[in-house]
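What follows is a pair of complexes built around subunit A, which joins subunit B in one and subunit C in the other.
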Partner chain A sequence: MKLDWEYYWDEVKKRKFFIFGFFLVVLLPTMDTWIFLGPSVRTAQSVGIMPDSVTTSIIIQKAAILVIFAVSWDLLSGYSGQISFGHALFLGMGGYLAVMIREGLMIGDQEVFPGMEEQLVDIGGIYFDLSVIEAIILASALIAVFALVTGTIILRLKGPYFALVTLVLPLIAQILVTKIWGDFTGGDGGLQITSQLIQKPPGSTLEGLDLFKLQIEQMTTVILTFAIVCVAIMYLLARSRYGLVLKAIREDEQAASSSGINVSLYKVSVFVISSFFASVAGGLLAQVFGSSTSALFESERSFEIIIFSILGGIGTILGAIIGTFVLFFALSYYIKDGFVDLQTIEVLIFGLLLIIIIRYQPRGLINADPQLRNSLFFGVIFSFLMAFYDTGNMIIASTWNPAPILQKYLGQGERGFFGMDLFKVQGRMVLYFIVGTVIGYYGPELAQKIRLRLWGVWPSLGTFDPPK
Partner chain B sequence: MSSRPTSVWRQITLLRVNDLSVHYGRAIALASVTLEIKSGEFIAVIGPNGAGKSTLLRAISGLVELERGTITYNDEILVETTNSRYRKIRKDRSLMPNEIVQRGVIHCPERRRLFPKLTLEENLMLGAYVYKEETEENYKRMEEVLRLFPALRERMHEEAGNFSGGQQQMIAIARSLMGRPKILMLDEPSMGLAPTIRIEIMEKIKEISQQGTTILLIEQDAMLALKAAERAYILEDGTIDREGRCSDLLNNEYILETYIGLT
Partner chain C sequence: MTARKVLSIEKLTKKFNEFVAVDNVSFDVYEGEVLGIIGSNGSGKTTLFNMISGVLEPTSGSIFAEQQSRFSLFDFPSLLKTRFSKRVRWEDRTAVDIGGQSPHIVLNKFGIARTFQIVKPFKQVTTLENVTIPHIPQNFMAKPSTLKSRAIRSLLSVDLGEKQKYPAVILPHGDLKRLDFARAMATNPRLLLLDEPFGGLSSQDAFRVTQLIKNANKEYGVTIMIVEHKLKLLANLVTRIVVLDHGQVIAMGTPKEIAKNKDVIEAYLGVEADHIA
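The block that comes next holds the complex of A and B.
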């Protein structure tokens, strides 16, 4: 996929987007501190038409971790063709083992091994505990050794048999962790993290919420750095000769073998590499959650990334990155962590998306035809944009995001009209309508009509078609 | 024929298959097959469906387990099973399939078996996988191989699955040639192809043979194979029924009747 900023700008110019009378806001975690946008963003956050920056940061953290996880799955299943339905095994193991190594292991009153020493370092103003990162990498290395042993055994199985075994393994691990090894894995409650990755800088006067916000932002930086390094390594591997051999194994094992490729060696090695990075993702996810629980092993974790990767395009690292980041971000932002508690319909949305994609674009969005790909891509990008105007006693907001209205109605168990709403929050009137970005992008004529109906109020973003 | 190296070099036995038996469960695929290939020869193995022709090649490339027998290449053991009872525990002195390819014994498998989603160039480079260190040498080799198949040169970046059947067969042969074969083992290269393309492919194989590569060809189309090769083995029900020079076999009444359909 061609990613070029000039090309984006062409798309924007071609669509003749207008910004008229409103503030245009791109959602970023730190935007409430921006000088120009700060006041209006804070107003929007206070009346609940935008999630606050902490929520956004946490969504970005989770998305970045899932990108590592999805790319590691794509390297194993998309490239070498060994479809794994239980990659969460390594996610969970990484989470538990990293916490155990850092915090030490106690069985009853007996200490099996002590935890690691605290090593506080300051890199670029981020004051963090290096031992946590060392523990994550050490745990991942141990899990890679474990994967070497299990891989040599289970990779003898082919196709559906391998998939079935991988499906079962995390379920076994979940039972072991919650029921049988409860003494040192903490049972259902999981292992709590007592030593935070991000520490309070010495001499800092920040307290309470401000300190929390600072730590969340620094955590985002650390996790994004991790994600960039891990994904870059896997991307280079996939683009190298190694990736080509993996693809050959996926296409035809026997032909690969008669070309002189040691098929089992490559399959085991990619299993080990993939498990290493999945464990890194697990260790980081435990840090974000604040504990390692058996939820890390859940099959939902495995299926989530499979769906994201298929949507993005399987067997292309870029597809897994874009699919995971964009979709997880969009879904979480609008549904899961943003405002509305719609976790129950999340699976429904995933399922529908998957059916549509497999029916119409089986090779994923990254391999879709350029027109469709662009319109979906820009649709998602523009859906993050919102515009609002604060008149003093009324906030006029226009966005594609239906979350506030959904929340208002579904939260009270009523059914509402989804297009437009007027409601009162904290003594302030909010006029909210879902026109603008996406409708403006896909249906310029419709957007223009709505705009005329609203007595000259412009939709946040839309195409301006000069009258013929 | 005259351009081919002769004399002493022709006397060296390159590949020797001795008392080879392969069983698939209870079914006996090969029973005590013995054959010899001298360097530079063009050998054809013909026989009906299910005679064990493909199994023979798969055994030589180490892809199936032997019940009994040894296969040696240049007096080095490629595959052997001395004691069938312990063969699962003790691998004996057998080489791995990839090590056999490294020796220059290259198998061009049945039904072409390209990597359909990879480009033609990637397919060819994977054929030279065992020479991973020498990228430049590999590109030189690719030029040499493409001289034999000039039609492929213009479509180097197309997916291999998009080519026609005849071209796919040529790609499969070209991919095998990328591995610098000492012995090239071709498994039914004419399968499912039109008669003119069969002849074209057989011409290419003859050309490869004339360049000095030893060839072991497996073919159902007996007429085609016997006309191209020098010596042939007739395989029937897992045993070698008869062998001889192709010119002699073409005059044999039994062969004409059974395999060529002339009465």
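The block that comes next holds the complex of A and C.
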């Protein structure tokens, strides 16, 4: 297949600031050992502006898995327009089935399925158990067959009925695994994983924290590889004529059908493909968590990625990737660590963001107008600079600390405003980000207005002519 | 020369609950002709097209057409359906009842394409992609360059070449009508059903569409059925006219004959007949 590199380069160039901001937020914390960037990154980590590299690695692992999941949702719902509210069904099924296939299945004392043999391989210094990956892929293939059968039935449903059914299915699955099939799904505790994906290299002398760090890093590499391969496949599918047909179905089923497109075949096929990749994500997520629990089926999982994809830009794949990475990162480090007391703050913030985006930028951040994109970038830079300044680690010492003033007005103690940790660095980062974004958005316009006003005033004094 | 049939409608009826939208309609369509179907609003013209193109299932009666290409494995449900549908002999050929088949089967296997009275563009994709889509089923394995050049040729044929990068949603109505025509023609049909192709068009745009229809008929040999409620526009385009009223065929013949027909004048034409006669 011939790739249109010029097109991709154009897409990148159009969003250069955005991508740079992405890089700053997501990848910079992992570069603490680099020669050039290392010292600055370590400074930032020491004051809490950036998470340390282990935390970052773990966040990246989860984010990369969620990216696979979000992109699989976008392919189904964003492209073919079959909105699924319960994509977590496949996430959970993938998680459970992969663990079952790898570890074997016992009901009572009876062995139903023996499990797979350990298969240690060494690729580029990463020592891992190939059978875990085989189990994940096998499980996903089986789930794809399941999706073929269910899809054939439920994709006949028109309009909101399909969405409703998808909403209900994971709830049923959750009850099944916790209550009814508890014997072999481990009930509320879930299925524990005993065989690790990443193993200790045979001759290694590493112990304790160092070994842990190495394994985390290797796990990140494996998961990122998975994510890149899966997302690349889905991206190429979406950009191919197959993706175009899906868009046609989304835009108008009747016209698509009258253009010779076998609508139900395409719908079922995209359902199958999407479920396959969602199951892969589930299998990987179980590896990261160390177990498969019914939490994988939770509707929060489904809604999370819907919000990420919509914020990033629905029906673009790229939007789902950027949206998931950036928002999940912000959520995991800056928001949750910054505002620990509000467990539901993410729902609140994302709910608000979603409303704003749908109202003003319905095509998402990736296709937002340049003014907004650039101001978000400005917000990122601004928040980093301000946090540095604030924590006194830049050349200029901290001369202005908002903490006492805010404490005075918003409440006593460290936690004021609704119990948020406003004065933790992460919390302040969020506020600075918001302030920076607003400045970036309205600043230039405001400056222009002020200038005009001044030009307007001065000539009337008869002392000044504005430049032509 | 005896004309070859391409479509034969027999005692076709469509009921919506108790309401009879198309009532016991029978007529034949012959290869290479341009057949007009006229009737006042609500006389069942669109419903008739919907049944032929597979959007609606007939309540009773048959629509016979000749199969053009073979079924593949993916067409499984339709394949099963054709096994049990009625067949008739047209001299040396066999025609199958296509009533109730899905639209893509009617199009791909029987070569019957249609346009819509209310245009249905793929709004959020570009004009070029709009005409690429109907090319895809027949060229799924073709090289990207082949597909693109075919799509561009389709677009150029309706004078939309310079708008190829626009999303369809911003095109004016006249362009959308031509885009819809290009979409239908891109599927390389044998029989083309045009549902009010002049609806809402300025006389200039209507003239362009007339040229397109004539061209499709003469150059590509496509048999055409046109639904229109203004007889005037059809007069020098069609060879034959079928008049529908309340779902029934009340007259059939050349435009001149129709203009003189008493029933037709009474039911619907009124003053307009003067323009032709």
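The rule we apply is simple: the second predicted complex is superposed on the first by the 319 of 468 C-alpha atoms of A that agree within 3 Å, B and C clash if a C-alpha of one lies under 4 Å from a C-alpha of the other, contacts with A are read in each partner's own complex, and residues count from 1 in each chain.
Everything below uses one rule, namely that a contact is a pair of C-beta atoms (placed from the backbone, for glycine too) under 8 Å apart; a residue touches a chain by one contact, two chains touch by 3 or more.
All values reported here derive from a predicted model rather than from experimental measurement.
Q: Assess the superposed three-chain arrangement around subunit A: do subunit B and subunit C clash, or do they fit?
A: Taken together on subunit A, subunit C would clash with subunit B, as the superposition shows.
Q: Give one of first, second, both or neither to describe whether A:V268 is in contact with subunit B, with subunit C, with both, or with none.
A: Neither: A:V268 stays clear of subunit B and subunit C.
Q: State whether A:I65 touches subunit B only (first), subunit C only (second), both chains, or neither.
A: neither
Q: Overlap the subunit B and subunit C contact sets on subunit A and report the shared residues.
A: 241, 244-245, 247-248, 251-252, 254-262
Q: Give the list of subunit C residues in touch with subunit A in this complex.
A: 53-55, 74-75, 102-104, 107-108, 113-114, 116, 120-125, 129, 132-134, 136-138, 140, 144, 147, 183-184, 186-187
Q: Can you list the subunit B residues touching subunit A in their complex?
A: Touching subunit A from subunit B are residues 61, 63, 96-98, 101-102, 106-109, 113-118, 122, 125-127, 129-130, 132, 175, 179.
Q: Which of the residues in subunit A come into contact with subunit B in the complex?
A: Residues of subunit A touching subunit B: 241, 244-245, 247-248, 251-252, 254-262.
Q: Quick check: in the complex, which residue numbers of subunit A touch subunit C?
A: Per the touch definition, subunit A meets subunit C at residues 2, 241, 244-245, 247-248, 251-252, 254-263, 265.
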